[in-house]
């Protein structure tokens, strides 16, 4: 048993991967069995990610050597001091991201049981879903630059397939095509950077490269390639054009999971800025890069959302806008890294940004699921054709209201907790940042009020029933977490977010977890 | 003082959700007490439950619902030039998607070459 | 100069790929652009590990001569495999788009915008 | 024992503050109507008229329109009133520190102020009438417009405090009350804070939905807007909520800009027992609240006509927004140059 717990990081990635490929076989035998199979896989992964958080909190950063003699011999004695194997490096931030991804996927998976029931190729849907999860988890847990690329591509390909899952007279395919083009370009540009780093430092391990980093001219090229490619995958303005297409046209549950997929890239962006380049680079420049992307994303995203008339496209623009908060919070942390201001407010700004990651995953996931529920019943995503759903779909309405209040940062829901942290720390860096953040928050509220009115309020126009139970369960999982994090933000900060922020900020600890020594 | 437990502390502020929730529920009770003193009956199935249309004739329920695209006219109107510019760059053309990406990468290359590394 | 030839080729191929993605008014040609960029990256990786006069790094009991680096070759192989999957997926999307839209012009394949 | 007292405190607090807010709010409403009438050359209703109004509304039928989403339509007024009352708990009432001090700061208050608006506009949407819908979405536009100068004003003041007192919680109202802003700024900052005060007064007028910013109710255009379908006890609760909100906004501005007490001044001449000084300060607070309410509600109503919706946006994001940004710059300059 004690031996087993050290294999958790590998199992988290492997279980969805293998179970995913087995899904079509079981789907042949029995539909019900397949649902049970998939939900079991998701539940096990979720349980393992929780166990992993516990493990990381109690025992510190976990490293796992793929195919090594033992699980933690990062540098074999005959390798000349180079970590030759693929190493998973799970610190508190990775564990946090893995938990986020697994939770949303669990809710989305349960939701899909009825929402995708009876579509052709249902078993492929679950295969791709599990592959997508595996990709996300790999992205956040790997400590290897090239391995990250592989997981990124696994995730992108699975996502592209799922976005196009409902052809929708070709529109979904158009969205998937754009997504696939832009993400493969991004991934290739990233791979270029990996190649340059390998050429310079003879290593692919992130910690190894970080410890050897010289900041030559080529490294500056790598900085540009990495940060822009990952910012694009995270969906920040002005590289956000694929987001409304992809999120807007994917099936409901997939949109929710795509949010966490983007966040996995966001994780990588932060990881690269902090752990790879860290204090050797000009953190003011990289910090302001994140901050300005954050401000642009927040404002452009929300103002575009305000004028949308397609329910999911509107929410997709909000996903961009909320990503801005994370970039802003963590960007302020990065810009102050290594100065006195960091302990004064920089770390808290990072906590706010990182807390916002999980909050956003929960409430935006919930909102996409409610949007999916509305589309499931009405068959249209056009807000102009909706109305009066609150008369019949009470639970969906309540779930939507909770999600909307949360994303708008209305107390006492979780969005407020993280936004409060961001407002009350970033203003010390520059007062304008907080002002824009507050204004964007109310614009968010406004556009959700628009959805609330046009979809749920008004006279009873359609005689529809409430959505089936499985969909409600999926929504309820996320809702309960929203309320939990909203009412007990301290617990989240203490056990999830605080350690994650500290782990992210501490480059030396990350390097030494793999390289050993101080 | 009250409920130091669970107070969420930020660099320059604090917030205690549980305490607010309790106070809110108690205030809700207060409001409910006043509300419940009031008359609760009304004449159902009469003209008075019809929505107010200021004397206009509304032939169907659909007409009584204000649709999504009519909302926030005043706001969009006030920011018209901004929205015109914003709509112009959201072309939906896959060539432009790649072009923006390459453009931003080149821009950041220049920025990082100038200020990328601590002097 | 001659030693840098692979890298110059990489830049040229990548440039052509990016040009195709940015300016070609046909989705298939855009996919070709992605494919070219892939090839450029693969070439880049492989040439990173090249040692003049080296042998392939596949012997267990290798002769004590220079070998080319094994890792970039492994990377390239992986990258090629992923690239094939990406190209296949993109082309199949093109097929479906053409079936529904009747065109492959990116100026017309933009029902999603704004 | 400790916990029992604590529980009693938490339970009693909303009742005490709620009663104060409701009663004083109603009195202010009465005074406002009387004064407005006098300024327009009328006699006006008696001071206790608002109480009669509420009692009358409670006796009337409470009609739920057929298109309404019933549960939300009924819940909205209650949530609005409850949220308004809880906001008062975070504000210093006269000489007393906020009852929940240390548990909610200015940003929390900013959002708690939004909750009642939000509840009412949700109620307006839930009514299912085009008039109330138009009113509700106008209210939302008003909230958007106000947010920019409001956020700028709060952040500017908090930034100032954080630069003067790095050890204190800059967003805490206790900081504001113990260190009045005017005493902590030079000439430039004084001008800046003055601008902020004017903007805040305008903002509280629109936060209360009064003329010239009553676009969401606009009796003459959209027949009461959000409230058009509300009748009987629901409308009564909304009426009370409106009264409480006047007290809330006036108290907030009082705490942010005029947290002065009268008792130290008197104590220079006469020795005062604690009870007496508290009473004097409390009465002084009531007077200040009246003055602020008079400026934001009565004077504005008499002096200005109603704005159009897009003009409100242009006003707050244009002139008022630029003014607050200018104030922010002045305050920052004040800190760096120290005049």
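In order of appearance the chains are A, B, C and D, and numbering begins at 1 in each one.
Rule of thumb we're sticking to: a residue touches a chain if its C-beta (ideal position, glycine included) is under 8 Å from a C-beta of that chain, and two chains touch if they have at least 3 such contacts.
Bear in mind the structure is a predicted one, so any value in this text is a computation, not a measurement.
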Pair with more cross-chain C-beta pairs in contact, given B-D and A-C: B-D
Geometric centre distance via CA averages, chain D-chain B, whole Å: 21
Chain A-chain C separation of Cα centroids, rounded to whole Å: 27
For chain A paired with chain B, centre-to-centre distance based on mean C-alpha positions, whole Å: 22
Chain centre separation in whole Å, for chain D relative to chain C (CA means): 62
For chain B, residues contacting two or more additional chains: 7, 12-13, 15, 20, 61, 64-66, 71-72, 75, 79, 90, 92, 94, 98
Residue list for chain A, restricted to those that touch at least two other chains: 177-178, 181, 185, 245, 344, 388, 411, 416, 420, 424, 427-428, 446, 450, 453, 458-460
Where chain C touches two or more other chains, by residue: 21, 27, 30, 109-112, 114
Chain-level touch network, classified as line, ring, star, complete or other: other
Residue ranges of chain A in contact with chain D within the complex: 344, 388, 390-391, 394, 397, 409-411, 416, 420, 423-424, 427-428, 431, 434-435, 438-439, 441-443, 445-446, 449-450, 452-453, 456-460
Of chain A, residues touching chain B in the complex: 177-178, 181-182, 185-186, 189, 215, 217, 219-221, 223-225, 227-229, 232, 238-239, 241-242, 245, 279-286, 289, 300, 303-304, 306-307, 309, 344-345, 348, 352, 383-384, 386-388, 411-412, 416-417, 420-421, 424-425, 427-428, 446, 450-451, 453-454, 458-461, 486-490, 493
Residue ranges of chain B touching chain A (in the complex, touch as defined): 6-8, 10-13, 15, 17-18, 20-21, 61-62, 64-69, 71-72, 75-76, 79, 82-83, 86, 89-90, 92, 94, 96-98, 100-101, 104-105, 108-109, 111-113, 115-119
Chain B-facing residues of chain D, complex: 6, 9-11, 13-15, 18, 57-67, 77-79, 81-83, 85-86, 89, 99-108, 112, 127-131, 133-134, 137-138, 140-141, 144-145, 158, 162, 169-172, 223, 228-229, 231-234, 236-237, 240, 308-310, 312-314, 317
Of chain B, residues touching chain C in the complex: 87, 90-95, 98-99, 102
